[in-house]
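Look for chain A in each of the two complexes below; its partner is chain B in the first and chain C in the second.
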Partner chain A sequence: MSDDSGWLNSYINSLPERGWFQFLSKYVVVPFWVWREGRPKLPGGPRPSPQPSDNTQRMMNLLMPLKDTSPIGRAKAVMALAQNVDEIFAGLDNVGTVHSARFLLVEDYICMISVYDGDFSNYIRDFISTIGSVFDALMHEVEGGDKLYPSEENVEAFIDWVREHDLFQAPDYPFDLFGLQDEQAGRKPNDPPHDLQTLPRSLILQLHANRNISLGGGYRGYPGYSAAQIRRNLGVGW
Partner chain B sequence: MAVFDAEKVQGNILRGYPLDRVRHMILEVSDRRRAREFLAAAADGRGEDVPRITRSANWSERPEVCFNIGITFEGLRTLGLPSDELKTFPTEYTEGMTRRALKLGDFGESAPEHWPAPFDRPDRIHIVASAYANANHHLDDIEKKVAKVFTVLGTRDGRNLPDGKVFFGYRDGISQPRLRHVFDPEHAGDHQIKDPLGTVLLGYQTQLEGIKFTIPTPEDVFRDSAFNAFRVLQQDTGAFETYLTDAAHFLESHRDVARLLPEGAEQNIGGGMSRHDALREVVAAQMCGRWRNGTPYEASPNSDVQDGISLTNYDYSLSSRCPAGSHMRRANPRGGPIVQRVANYTRRMVRRGMSYGPDPETGEHGLLGNFIGANYGAQFEAVMCDWINFGLQDPGITGTNDPLLGANVPETSRFDLTLKGGGHIRLSGFPRFVKTRGGAYTLLPSLPAIRYLSQLTA
Partner chain C sequence: MENKHLVKDIVHALDIDGGSTERRPVHTVGVGATGFFKPSPMAQRFCVAEHFLPKAAKKGVRVDIRFSNGMGVVEEHDGWSDVRGMAVRFYLENGQSTDLVSMTLPVFFAPTPETFLDFALNARPKPCQRATPWQKIKSYLQLQLPLPDPYPGQTERPNEGAIAFASKHVWAQPAVIDASSIGAPVSYVRATYHAVHTFIVTGKDGQRRWVRFSWAPIAGVLNTDPKKPPEDRYLKKDLEKRLSHGRTERFSLMMQIGEAGDDFNDSTRQWPPHRTRVMMGTLTLNKVREDQQEYFEKLSFNPWHLTDGIDPSDDPVLRIRKDVYAFSSNRRQGTPCPFSGTKG
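For the complex of A and B:
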């Protein structure tokens, strides 16, 4: 968009606010873009990093779609968790690398929001080996959960499923999105470099593939410390 | 549970061979029909021109030559495994070693972009075939047979160094998982808990409570297979010995050095040596977890004399003298305290390695390692990304890497030497001593799987 104050530029700058243009964008332009140059879905969870500080307090935003979204189905999912909450918390405690975890029922999803250290697949695998049978009860209420049953004999598929349903974490610096999209499409990142003006379009296309995302990695009040380090320094035993 | 039949398992998985040389041949399948014929003949020892695959079954007489194969995901695809079956293989294997680089610590100079041929073209690597023998002419003979069918992209020769040592000077290969149902007199005196077959083979109960890893489809075919991380690991012994000397100079004038090594104890190290040389050995021993002759540091912190000390039977505790950051404790924390309370003994794998080099031109030398297990994510990768590097298992070492194997840079590297009575002396400024120079994730297919692949028609 131009800074020039001519009438044509003013009009073009005002397009995103105009109803007819919004209609056209929603039903014609974006679907056309998606057809022409859609972006592949980006994987969930934090990205691997060689930096130790990036490997503590990693965020999981797991959205598990409910099979039955009626009040009855929602209640079943809530009950599956409520009946086993002690086992689940004991299981998380035994994994040893979890700072916090909580379950939410939001719209049509059961969400597991947690903060953990290290590699997520080790966290999930140890969790399943501790309380897999308890978690199975919840998975029966979740879309696609049946084929992961029993989770103890489908660990690989379960871990892939979690990664698939963990929210993509948008990069903390917006233009880093280009590189991630390139890599996902099997291209060398930022080669050739992208025009910054195309960032909104890339974001729109990405939000078509990843409908829900995490905005950045999240805030940490005491970056770089593992759960065990905090416990040790508080003298509560790790 | 399926009945275990060692005739179905490739021989390099459950036991090491009593042979001192290896040639790993990195192969591309250029003619899939002939490749399948080769596999069929190799599985059943038909034909003069094809080496027979060595099995795990007990041998009536010592073989002169052993031969085994590992197949990459690209290899399975090229041999014609249908896509609905390819989809049932685990993600780590499907992606291949180069795409797992960050998790494995393969960045900087160790990044796959810097790997020499043939590892610079992972898409062309279909099979890693390994021949074992005592004499080179046996290896040449096998390579000739293999080269008639496959394109040999490259070879890597390894050999056992004297006294079971590696180039860093340590005795290696002392501790291995001992598997239930497997006759293994070599490790009979090891009192660590035995591993179920599912630690290395697909289709059996694992050490993780209740967990069985998924067998790819068709299950009856791929049962008894294993996954292998083949690694070419360059060892910078020059930098290591230089660092030991620097560290010994620093320690000699340290006020706490008597708690690191009592005065006079140097008489009991390496048969008696100077204070300076003994301090070098103490640093080497704490970094590894064993003295270079194999004596466990935990059992003997002031002497490497082996009299009456078991090489395998000891455990770690909160007051261990063996540092939590040492290589051995990171790779196998035994029953010692770790953050991941349910993970003790669950990430073990079979390690088989021989040394390579030095290259006559570059002097490059190191280890050709096979790290074998039933699941990359639960074993090899889990150990590499959370324990060897990063040190998540103990809050005292979190944020540091393995001093020997880790992805260290001098600016941030640190290692805490333990002292008698508690406390530590911190070492820092050491570089990365082991660089990755190649590798591949390969399936070590069961004999039924090799036959199945040989009969594909696509």
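For the complex of A and C:
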């Protein structure tokens, strides 16, 4: 709430909420800035880190675009998973680094949301070796999936594909967006420092490049502990 | 004292129009309450300080708590966006005590005393620069947010200077970003407070860990609606009301454990939120004392006032805060804190 300096000021303050100004922003202002200083797409998944708790309970938000988005195509994707429940549960048990995993059908995507420990590439390799058959069934229903079939013969391509479709995880602290964008553009982070007032523009342009993102790395109720440590301390083994 | 001139310069840099040398230079307006702290059953595993031991859990450790508005002015503007403070004194056995000084900002403005002085001088309140309609439209067209209009009656503010300074000094950016959007809590007990600096705690097994403390309100975090007119005086009344008729409010003391690779001596950066977090105990507030002047305005907290089992890190800002707080305490003739050898 500001002091009252007249109707013009009030009207200007309300511009971001007004339909005509939103239209102008969407179809003119944002495209102009995308043309002028668009940001490259930032890669998906958690960023590499040598620190222990950065390597436990990592989040994967894999969005796989459906080849056929009709109810029949969606049903095929559902069936690909439903017919392989035993494989999925046995695989997750044996991978041993997974805290939780689930599949969602959202709009035109089949999504795998999981929490795992350790390195991303090895996590995917484990998956291919334990439930590759499930992904093979699923890949037939997903855009760009045919060329990855069978996954066990296309391991590195499969890993790259998953990384490409894993959501970019926005930094936990807003200021860090500047540094990530600098690195992606091949510049030294924050050298020179960015004008703080350009942070909203940086965010908007990033959301143009990465339409879907994970808002930070997520909340953890018991951060820093691996699935193996939790199982051991709860006495439920393996 | 480490650097007498630097300490004095910092305090003077914080003195602003509307403040008073007879009051605190920042966090000038506040309200105190009493209560008790009970450690969690697992606290002593991580820290053997007296207030974390099991015997403290039986009857609780008596505490004094002072909540405050961050601004260094004697007028109350509770509803303005501002950092809030929460200083806690734990009264231990044998007349000993220890403090935990925290604020709603999770990071500090500068990594060293010298850079903080630089920041404080540049962020001194200046006459509010109201953006013209054209300037605001220009900001929108640049996909930027114009600075907010001043509050009714607000003639000076630190925003312009702090943002301009932070745009040239990366280390100031996290704190300035957070401070510029921090808002006003509906109650002092509906905000999270961070002790910001790293401390070293010694566990029951002798293991030393580098940690940071935060108070998490059990009532939950809630700010006022920024679109409504701000009230100048409501936080003290709110606390009195909440603690009347035997009612209480509580905070959980959370402790984040740092890892090799984290910067233990730079309080301008938060550690990632997924560091191991331990619930160390519960603080219960039960009364607002009537004599605020004697019990809280004269009381001198100090973030360096620690006890066996808790040591300071090598954070140079934590180190100089010891002397800055002592200097300020002497100047306003506060009840001496343990380091009050410094003449104000």
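Observations
Following the convention adopted for this analysis, the second predicted complex is superposed on the first by the 226 of 238 C-alpha atoms of A that agree within 3 Å, B and C clash if a C-alpha of one lies under 4 Å from a C-alpha of the other, contacts with A are read in each partner's own complex, and residues count from 1 in each chain.
One rule holds for everything that comes next: a contact is a pair of C-beta atoms (placed from the backbone, for glycine too) under 8 Å apart; a residue touches a chain by one contact, two chains touch by 3 or more.
Everything numeric in this text was worked out from a predicted model, so none of it was measured.
With chain A as the common reference, chain B sits beside chain C without any clash. Of the two partner chains placed around the shared chain by superposition, chain C is the only one that A:Asp195 touches, whereas chain B remains out of contact.
Once the two complexes are overlaid on the shared chain, A:Gly144 sits clear of chain B and of chain C alike.
In the superposition on chain A, A:Gly224 makes contact with both chain B and chain C.
Judged by the touch definition given at the top, the superposed model places A:Gly132 against chain B, while chain C stays out of reach. When the shared chain is aligned, chain C comes close enough to touch A:Tyr173, but chain B does not.
Of the two partner chains placed around the shared chain by superposition, chain B and chain C are both touched by A:Pro52.
By the document's definition of touching, neither partner reaches A:Gly73: not chain B, not chain C.
Of the two partner chains placed around the shared chain by superposition, chain B is the only one that A:Asn154 touches, whereas chain C remains out of contact.
Least inter-chain distance for chain B and chain C in the combined superposition, rounded to the nearest angstrom, is 5, based on C-alpha atoms.
Once both structures are placed on chain A, chain A residues 49-50, 52-53, 56, 224 are touched by chain B and, in the other complex, by chain C.
Note for the complex: chain A touches chain C at residues 1-5, 8-9, 12-13, 15-16, 21, 25, 29-30, 33, 49-54, 56-57, 172-175, 190, 193-201, 204-205, 216-220, 223-225. Of all residues in chain C, those touching chain A in their complex are 130, 133, 136-137, 139-145, 148-154, 163, 166-170, 173-174, 176-177, 226-230, 257, 259-262, 270, 272-277.
Looking at the complex, you find that chain B touches chain A at residues 90-91, 102-103, 105, 107, 208-214, 338-343, 346, 375, 377-378, 381-382, 385-386, 390, 392, 394-396, 398-400, 407. On the chain A side of its complex with chain B, the touching residues are 48-50, 52-53, 55-56, 94-97, 117-119, 121-122, 125-126, 128-130, 132-133, 152-157, 159-160, 224, 226-229, 231-233, 238.
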